[in-house]
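Shared chain: chain A. Partners: chain B in the first complex, chain C in the second.
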Partner chain A sequence: MFVDTVIEDKALHKPVFLLYLSLTVLAIFFAFNFTNTIFGEFLSPVIGNPKESGFFGRLAVSFVLTILFVGNLLLISFARLKIQILIVWIELFFLFLAFAYSFDLEISYIFKNDFICSTESAREKLCIPSKIGLMISKGLFTTIYISAVSIAIATAIAIVGAIAKLSNNGFAYAIASFYTSLFRGLPLLLQIYLIYMGLPQLGFMIDAIPSGIAALSLCYGAYMTEIFRAGIQSIPKGQWEASRALGFKFGLILRKIILPQSIPIIVPPTGNQFIAMLKDSSLVSVLGIWEIMFLAKKLGAKDYNHLEMLLTAAMIYWTLTIILEMIQARIERKYQQKT
Partner chain B sequence: MSIKLGFKKSSIVFAVALLSIGMTAKAGVVYDYIKNNNELMIATDANWAPFSYINDAGEMEGFDVDVGREIAKRMGVEARFITPDWGVITAGNWNMRWDVSVGSMTPTAGRSEVLNFPAVYYYTPASFAVHTDSTVTTLAGLNGKNICTTAASTWEMYLEGSLDMLDAPAFTYKVTPGTITSLADGHTCLDDTRLGAGVRNDGIIDSVPMIQGAIEDGYPIKFLGDPAFFEPLSVATDKGNDDPELDAEIARVIAEMQKDYTLTTLSMKWFKNADGSSNDYTVAY
Partner chain C sequence: MHNSSSIENPVISLKGVNKWYGDFQALKDINLEIKLKEKIVICGPSGSGKSTLIRCLNRLEAHQEGSIEVCGIELHEKMQDVDIVRQDIGMVFQSFNLFPHLTVLENCMAGPNWVRGIDKNEAKERALSMLKHVKIPEQADKYPEQLSGGQQQRVAIARSLCMQPKVMLFDEPTSALDPEMVSEVLDTMIDLANSGMTMICVTHEMGFARQVADRIIFMDGGEIVEQNTPEEFFNNPQNERTKTFLNQILS
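== the complex of A and B ==
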């Protein structure tokens, strides 16, 4: 919410606005012609056969849809703010479900299991109930594992990079700025290929997972270097002057005065980077790492049910991101109280 | 099975790389490594049922996987599978990340610059297919049309008229497409075709078992004409770590598997027609 002091009347409660809104919505519904959809069938007692209803049918369907839409908005506008937000969220979510449902997919495929759990080979191993089970037990674990290791390494890189970028040492600055420029300037997918296929040419053989982690760490390390640099720079000059006046040495000032104060500024954007990395980790699927995206593509290919598995992956990523965003919000609140 | 933190081979490869500065790789390095390690590392793309795919237990399964297991068994070592992207396998320079590719790769002149092809183990027919509503009835009808296929595949080379297969049965170019739509994942072509004839493409070219599988899965597509060409499919090894001993061993094992009809049995097991009959793809027609 804006922290403005004047709160105006709700636009929806002004008749003129309501009229214009209704006309616009009517025009849009009319333009897109919903006559041949499920709405036309609902209205068939009034307009007859939807296909032969012509202009009148089209107008009638658009009119009913407009009434429903604007009525819905009006009803919601009378609720309290929190309830408004909740209802709109639920409605949008159902619209998304309807969108996915309209693909005419075999949703049960996600939960289907061709694998018979009583066979000999299965008994020794964990018997996984379905495709979604496999994606969570194997894919989700790998995704989180890769992202967590990468963000830890990226943080370490970022601290060193930021200090180097702020230093007066020409070599340190040049190396750090070259690094951030290079890794922020290349697409992540390209970096993954470069590390996986390029490094072995030099004699450094690294396998798929270490390559993926290296690429993610280096790429996000470069972005986070800038975040850390900005965080450190935002500490007022007076802090340095005061510390120097007290006779502190450089290392001590950085560790005890500057970094602790910049952490509240650094942590929220770092959380955002983690969420972004979690999604970008899907790119390492090209190396054959069995994470969510890889399993979604390959499991779907087997029976030609690609969209089902891709939607499953979408829901897993989304759920994961929502959870992480909630944690992120908590952390942000905590640091806001402190400062 | 397939995921493993791997610094395991790195020390050896690093040593090999140091040794090979100024001299070519010593013959037998890879073979000795496989034997000492008692493990044959097999690369195969997991995107292709019924050749190789991931089953619901999270294990590799399919014709190529069975052939790979059998090769390892006859070499007296364990089989382990790794599933990199197809493009990463065909690019060569494996640096001993894996030892062989048992992934239905067609030997071509281009690929043979970076890979060795010690033994062809079967042949698959490639065929054109169109939407069931398509008005095209002959292969000639596809001339000048928009054909979709997998990027960097032999099918794409066929469409471009640049198919340089080695040891292949004779074939002719029967279609001259107007536009070639090459997608990284050939399955997307099938999904595009499903949208209708001429919507995103007018037809596709793919291997017959793949199209067969899609039809059985309810895709509204049909075969068009006879198979366009037969492609030999081979085991591949890395030219960068050239190892004649390994190549000879692979050739010996495949010849043995042809002789005792193991390959035929596996082909009959995995390549079934809609009417339940089986296909023996180990001989080219």
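== the complex of A and C ==
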């Protein structure tokens, strides 16, 4: 973003702003009433029994929290930008952990032997000593496998779809626009069901994994068609004219001139689509595919430890997307250097 | 001289060409013959149809009436060999239109290598010699955006020349350039003219026209108002509109 060369005083360093901020934060803390939490207990030497401290206790707890919160902001505001970002990230992450901790979870459950696999001899070869091991070795693998195959097919669909949508051929345009309209217009979950249950009606028996991949590819192919179309259209008309004037044919122009130039434009949104698809692949769990989400539900349901396994799945998805974001950033940088 | 050249077939001939954009008539009854090695400068006020005319010559634009014949092939809607015609007609654009993702050298090699079927080494040799012609061989490995406007336009000329065209079309090649870069491009074009290339230039550079053109065509309102040798055109313009235009542009 554009950074102006004139530096304004930091808002946090203006007393008036600080006052309003403190009052607002105080009001919020007061409204949510943290008296009966761990903070109330900390302050019990001052306010006595938190449960009987009443208005004064509630105000005191809010006041202390406000000072901690605003003081923290003020301290961070003096650090350099990179340090600021790091500290805020760490603090938010600890808040998230505290949120998870407040569920009173049995963390060791995640590392316990898997009950499912030790009872089902047919699945013996999948037996891993721990639940998290199974989530990673089977679930993560399946999720990545499904997403990678789907994104590859979706990319191929998108190129064809984009060209069709830009062509003057009535059939091509009609088919492509109908396709994007339909698959962008239906919820992905519904598409998964329609493909898995609909195709057998036509006599095509289709397994769960292929139908999951088909649904993801078709759905994301539709979104990416629009991305590719916009990418191709963003190349100036002069590039087409210069190529035409040299006697290049349509396919050659597209392959050698237009697509290479649209890739830097297409990559960032396509990366977003890939990240979105990775998470949407959890929807194919409804077909009984052993990917992360399915295993999380199945492993947690046995002992009613749902949240432990769901949080495990959450962390796996999150880690995956962070890795993907880093790869995406690297690819973007590479294309920026080249042009 | 007039007699001998009239025996040759014209390399480009237009007969009764009309073109409309919707209701607006961009070209009105254009009749024109251009012989091999002739240098034509087309000038006229903006919106007079000169760019449209030149873009019709390699069918970047379609004409609706009349006939255009280029190198013995008629240009029309259903022609099969438009790419063959275009390979023989170089075109230089106002906005250069170099391929930004290819180096200067690759820009020049693309045409010969991809559509003329010339192998890479030969295409490279040809590209380098053309870059030498336009006096920027040292920029061969750079990308277009690393060059100045004048250099880019010279690369664009070299790129066209690598196809060894029979005719070169220039569509306001110096209009997008900073003033100090105009002359380097014009010098390149003058060299090219001296080498005997058939050239059709839309330009407002009257000095260039005077020096190089065999014939100057003045267009206004989509029609050819007047055409003459540079000498007659500048010293003895016939039409009122030509006089007004010359007054405006030379004052």
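Rule of thumb we're sticking to: the second predicted complex is superposed on the first by the 323 of 339 C-alpha atoms of A that agree within 3 Å, B and C clash if a C-alpha of one lies under 4 Å from a C-alpha of the other, contacts with A are read in each partner's own complex, and residues count from 1 in each chain.
Assume a contact is a pair of C-beta atoms (placed from the backbone, for glycine too) under 8 Å apart; a residue touches a chain by one contact, two chains touch by 3 or more.
Just so we're clear, the structure is a prediction, and the values are computed from it rather than from any experiment.
In the superposition on chain A, contact of A:Leu246 is made with chain C only, not with chain B. Of the two partner chains, chain B is the only one touched by A:Lys131; chain C is not. In the superposition on chain A, A:Glu332 makes contact with neither chain B nor chain C.
When the two structures are aligned on the shared chain, A:Glu226 is found in touch with neither chain B nor chain C. Of the two partner chains, chain C is the only one touched by A:Lys256; chain B is not. Looking at the shared chain after the overlay, A:Gly238 reaches chain C, while chain B stays out of its contact range. Looking at the superposition, the partner that touches the larger set of chain A residues, chain B or chain C, turns out to be B.
Across the complex, chain B is touched by residues 112-115, 121-122, 125, 127-128, 130-131, 134, 137-138, 142, 196-197, 200-201, 203-210, 286-290, 294-295, 297-299, 301-307 of chain A. Interface residues of chain B facing chain A in the complex, by the touch rule stated above, are 2-7, 9-10, 13-14, 17-18, 46-49, 53-59, 82-85, 87-88, 91, 93, 95-97, 185, 187-188, 190-191, 213-214, 217, 219.
Those residues of chain A whose C-beta lies close enough to touch chain C in the complex are 236, 238-239, 241-249, 252, 256-257, 260-261, 338-339.
Chain C meets chain A in the complex at residues 58, 60, 83-87, 89-91, 93, 95, 97-101, 110-111, 114-115, 143, 145, 156, 159-160, 163.
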